Structures are given as structure tokens and as C-alpha cells.
Amino acid sequence: MSDLSHPLSASTFRPAATEAPWLRITLTIAVVAILGVLLFAPLIAVFYEALREGVGASLATLANPESQSAIRLTLLVAAFAVPLNAVFGVASAWLITKYSFCGKAILITLIDIPFSVSPVVAGLCIVLTFGANSLAGSWLVAHGMPVVFAVPGIVMASMFVTFPFVARELIPVMVEQGRAAEEAALTLGASGWRVFFTVTLPNIRWALLYGVLLCNARAMGEFGAVAVVSGKIRGLTATMPITVEMLYNEYASVAAFTLAAVLALLALVTLAFKTLLEWRYADQLAATHRH
Amino acid sequence: MRQPFVHKSPIPGLGLSAGITLSMLSLMVLLPIAGLLVQGFSAGIPAFLAAVNTPRTWAALYLSFRLSLVAALFNLVFGLALAWVLVRYRFPFRKVLNAAVDLPFALPTAVAGIALTALYAPNGAFGHIAKDWGFKIAYTQWGILIALIFVGLPFVTRTVQPVIEEIAREVEEASATLGATRAYTLRRVIWPMLAPAALTGFALSLARAVGEYGSVIFIAGNIPLKTEIAPLLIVIKLEEYNEPGAAAIGIAMLVMSFGMLFVINAAQVLSRKRMSNV
Amino acid sequence: MQIEIDDISKEFGTTAALTPVSLSIPSGALVALLGPSGSGKTTLLRILGGLEFPTAGRVLFDSTDATRLTVQERRAGFVFQSYALFAHMTVFENIAYGLRARPRAMRPPAAEIARRVTNLLDLIQLPDIGARYPSQLSGGQRQRVALARALAIEPRMLLLDEPFGALDARVRKDLRQGLRDIHDTTGLTTIFVTHDQDEAMELADLVVVMSMGCIEQVGRPQDIRARPASAFVRDFIGA
């Protein structure tokens, strides 16, 4: 808080809690430059490679049957995985924050497991548990409901990797908000569902939206787990990220990067919404998102 | 999974929420992991050990872990500097940069994978600079390292930022009034306050990198014993219909993941004990 | 150490926190900067300590211009309103901090540091808490540790920002006497900021009444009470 305009404020003065100007400037430039190389360059590369032969050629590849079915499948998977995980997130957050019981820490740790598991291992788990060679899987296949190498498997894999997302956003917020509002509504005679929809949900809507946003971005972009579970069957079980890989390996560079660019745009939109939520509704999100 | 003792509560919905939570948790998480363990040990422990104890497997596990460690160390140093710059300094586009740090979280791994390969391949924007200087980045361990740095970039910064924001200026000023230079203050006062969060971020970055697949397989080259990462080995085993083999490696990776989860939690408990508000 | 404040003014952007003020503080005095919030008293204290830089004016320590001295060079012991103890260090390490932070040439040996810390713990009447952490101390204890920490560097003056603000009434009385005793023992020029007129009147040799960046009156407590220089002073003291 020193002013730099007055003649008396010579360069000898520096507030006690800052570094020397040369250090600040050098550090800032170095950090921004490295960030540019590590972070922005790949992002720019996606769009550069996609538009290499012009916008027209790029958009034309989106009309390919492969790309079309990939987009449809990705949207379908998200349409199942995200709401289901949202329901789980709300239910588990309700359970953990509205009641007292032993073993809460264990429950939370279990819910967090997918965070520390490699996506490939996640896909592997599903293949081994529900694949044709397993107990459950052979039963399912016999009854015409294959999981592995089929859409349900992809949904399960996507749900596994995004499992904790919504719960992790809701739990801190609901802990902070406490039980008082719900208890008050109950004393006024409201039923359980009424309390949930008219009291709880409005209080957690932005945290819920935030969690759903992250969950959706990850579910649509998941690669490792889906690669293992799906069998990569063109037109049937190839999501957008899988199709990107297949097109890339076939040297259909523009098509691959165009599809990748669509995913990158999804990522940027997600980041934009995320930032908007953090800026506007910081007090209704988990404390770690408040700046 | 029975909860031993639940205090009676007037709030309704216990049955429903517990039912949904436990059934989904069991079906989606616990059952698949149990399936992994069953399959991995189905042929007995000796067979499990034999599947893990091959040169190729050890090479893959060692490669994944070693490069992840280096990437996490880079992210520790860079992440701290980035967090400090974003919180303490003012410069144009700071807010945009702050939002952009989350890009590796949001960007699908396959997209990152092909983008990084395009940049660092011998004919790519950065790759051809390397070629002029006589070395290769893509399809070598350097390429893998860069991909692992990318995916782990936000972790240290995001865990450390809130801690930096909470540091009271008065503490830094106090240190100065007691005669300490700025460097001494950073070393003896500020760093100890950041260390637990930095360690947490480091462990998270490491855990993420070890399990990473999509960002790495395009740029890696995937040569067995040289540039083959552990997750890829699992995929290969599956394609060979060697499910027990794949399961064995999967379990090894799971053990590594849980080990790191334990470290993360321990670090957080440690930091909460020491740093209550003064 | 005699302190001369010569036409010091301070602006934050367009707000004038201090209009040009001048003040002469005799060596060894216990001085209170008294006023409501926004009067500029804390700003003046921080300028003395080197934590703020004046827009114009000079500060003189024993007739030497000290305006350009860095915080580290001033050797002004500062006790912050929040005490600003280092939470990750024990009480012992907190008090020893200033001595250990000195460059090797000027650093006393470890045994000497330990001796001084022990003496200071005795001075603040808390001989047994050296191994505890700040989070384990009460508010009054933390305040005394902050005081000991500032005294450890053998300062030329002692500056305290609302030292009794966050404490309850009974603790405050004890600590007031404690501060008086330490001042009489060390003989240091001591300046403290407060908005509590009872405190200022009871403790200080010299009271500086401030309002809105100006000094309204300077004098001994009994003189100010007897002859308030303005309506503001009369109302503030009488209140």
C-alpha cells in the first residue's frame, strides 16, 4: 500500500510483506511463460490442427457417420450417468449431513475411492465383475443384457470415475448449512419430500449445479475406463474420446482433431460456467471454491 | 455394510437415503473392486505373484511411478510459484489465468494426448526445436513426463492457494519487525504454513499421474520395458484375454493408489492439528 | 530514545489518513495515541514502525533522520493487534525468532539466546510455557508472549497496536499493570494505540488525542482532563 507517484516514495521503500520488484516481475513472467507452454499451447494446437484444411473441411468431418454416432453415444451416456450420480450425490450427502452415526469417516473414504483409482483399473474392475467370464456377467449375457462391450458398461464405467463428484460438492455445503432449516420446516408440518424440495434443494442448488457440471465434463471426456470396457466397437460403443483415438490412429488427422476440438470447447464452456458460479455464488459453494 | 448405531432423528428419509447410498456404493464401487480382487487371486497367491513378477511388469510399474514422481516434484515447485503469483501479485489477465489453471481437470485426456503429441512430435511446434538441438521429446520418456506434468498441474496450486490467502499479513510484518530478511521470513514462517497443503497437492498430483492413461499413450511410444506405462500393460493383457494377469497388475496399482491416499489423509490430519487459528 | 515526528502526512489513494502532524516524544515516555477508529492513530504507529511509508514528512530518532530506514533496520519492537504469533513455532521459538534471524555475525550463541528467552519469560511472568504452542495459550498469555518476542530484539522503542483490545475486562486490568511494570523496568520509549480513554488516561505519561487524521491535543492526562483543547476532546474524554 505505498504510493509510487509522490516524490518522497523512493525505490528504497517496500512494504514489509512483499518481495523485491525485480523478483516479482521475473517470477511472474517465468510462471506465465511456463503456463503458456504447458497449458495454452496444447489447447491452441487442438484448434490449429483441426482447422488445418480450413473451417469447411473441419465441419464436414463432423458429418461423418462415425463422428455422428460418437456424439450421440457420448450424449446418451452422459444423460444416464450424470443424473444417476447426482441422485447418489444428493442421497449420500443427505445421509451424511442430516444424521449422526458411527462410521461416517469410513463411508466418506469409500465414496472417495474412485478418485484415487486409475481409470484403466476402474474399467478393468467392471470387465472382471460384469464381463462374460464372471458370475454376474455370464448371467446377464445369457439374459440378453450384456454390460461389457455394450452401452450399459460404458455408463457404469463413466459413473464409477465420476462417482464422488456431486457428493463432494454437496457435503461441505450441507454441513455448513446445518439441519436447522429442515427441522424448522418439519415443526411447521411439512412432509419429508416437501422439506426436501422447498427447503433443502433451493439451498444447495448452486453447489449441486457445480457438481453436476464437473461430473458431466468428466463423464463426457472419460477415456481410459471406457477404452477398457467398450471394446471400441465402431458405431456401437465408440464414444467421442474413443473415436478421437481411432481416427488419430488411422491418420484421419483433421477428423480426429475436429472431434477433439468439440470436446475442448465443451471443456472451455465448463470452465466458464464453473468460474461464473464461483464468482456469483461463492457463499453457496464449498469453501475451497471461494476466492 | 451395516451402520452399527444411528441416533434417532426426526428428519425423515433415513431409510431412503441410506438405501440409495449403500446400494449404489456397493454396486458401482465395492462390487467391481471385489471382482478385481477375486479375479486377481483366483488362481492363488503364487500365480498372482508370478503374474506381477515379470521384467515387463516391473519395468512398467517402475516407469509409471518414477516419471510420476518427477512430474509431481516439478508440479510441486511450479505449483507453489504459480499459487504465490496468482494470489499475491497483480498483473493483466490474472483472473483469466487463474481460471485457466483448471484446464487439465476439464479437458478430456485423449484430447490432451493428441494435442501434446502434435506439439512435441519431431515435426511439431516444440518438437522440431528439440530436433534441431539433437534430441527427441515425443515417443520418449520426456514425452511421457510432459504429459504427466500437464495432468497434475492444477493440484498443488489449488490446494495451496487457499492457504496463502489465509496468511495474515501481520505475521509477515511481525517477522520483518523482528529483523528477519524477506528470504528468512519466506523460509521460516511462510513455507511451514504452506507445507502440509503442498504435500497434499504433491500426493494428489502423484496419484493422478501414476494412473494416467489417455494423455500418455499417444505421446509415449509404448515400447515394452522402455516407454510402456503400467495402465497400458493392463490393456494389453486384457486384449490377450489374460484376465488374471491384468487383474494382478491392477491390484498392484490399486495398492499404490491406496498408499498415496493414506499419505494424503495423514498430511491433512497433521496440518489440522498444528495450525489452529492463533 | 527521543522521537520526533515532523509534518508527517499519509494518503491512501485519495483518502487522507493523516493530515500533516507533528509530535515530540521524550525519551522513555509511555505514550498513548488515543482516538476513535479512522483517526489515523494506527497509521501513525505503523509509520513509526516502518510498516507504512509517509506521503510527506520526516521521522527522527534521537535527531537522526530515520524516514528511509527499512523495517528491519529500525529495531522497533511491534506488538500487533492480533499478536501475529507464529502458530507453527513454540513459545520459546517465537521469542527467540528475532535473535535467530540475525545474520551469523551478529547472532548470539544458542546458550545466550536460551538465557535471554528464559529471562523474558520470567519478565512476563510465564516461566513454564516455553514448550507450548500459541494455540494452547489464552488470549492474555498470547499478548504477553508477543510482548516478550518484541522485547527479545532489544528494541529502541516499543510500539503496541490496541494491545488490550481482544481481551476481557479482568485480564485487561492485569495486563495494563504488566505493561506499566515492563515499561518502568526497561525504560523504553513506549507508544500504544487505543480507543479506550480510561486506559489511556490511567496508563500513559503523555496522551495524544487524535481525530480524523489530526492531533487534537497532546499533554499529560490530568492536563487534558482539566483543560480540553476542543469540543471533540472534551466529549471524547468525558464520555
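The letters A, B and C name the chains in turn, as written, and every chain counts its residues from 1.
The rule is short, and it goes like this: a contact is a pair of C-beta atoms (placed from the backbone, for glycine too) under 8 Å apart; a residue touches a chain by one contact, two chains touch by 3 or more.
Note that this is a predicted model, so its numbers are computed, not measured.
At the centre of the protein atoms shown, by the Cα-centroid criterion, sits B. The chain pair with the larger count of C-beta pairs in contact, out of A-C and B-C, is B-C. Placing every chain at the mean of its C-alpha atoms, the farthest one from chain C is found to be A. Our note on geometry: chain A versus chain B, Cα centroid distance of 15 Å, whole angstroms. Chain A and chain C have Cα centroids separated by 52 Å.
In terms of their C-alpha centroids, the spacing between chain B and chain C amounts to 48 Å. Of all residues in chain C, those that touch two or more other chains are 50-51, 71. Residues of chain A in contact with two or more other chains: 16.
Touching of two or more other chains is recorded for residues 173, 176-177 of chain B.
For chain C in complex with chain B, the residues that touch the partner chain are 49-51, 71-72, 74-78, 80-88, 97-98, 101-102, 133-135, 142, 149-150, 152-153. Those residues of chain B that touch chain C in the complex are listed here as 168, 170-171, 173-181, 184, 188-189, 192-193, 274-278. Listed in rising order, the residues of chain C touching chain A in the complex are 11-13, 50-56, 68, 70-71.
Across the interface of their complex, chain A is touched by residues 3-7, 9-14, 16-18, 20-21, 24-25, 28-36, 38-39, 78, 81-82, 84-85, 88-89, 91, 97-116, 118-119, 124-126, 146, 149-150, 153, 158, 161-162, 165, 169, 172-173, 176-177, 182, 207, 210-214, 218, 231-232, 234-235, 238, 243, 246-247, 250, 253-254, 257-258, 260-261, 265 of chain B.
Of all the residues in chain A, the ones that touch chain C in their complex are 1-3, 6, 8-10, 12-16.
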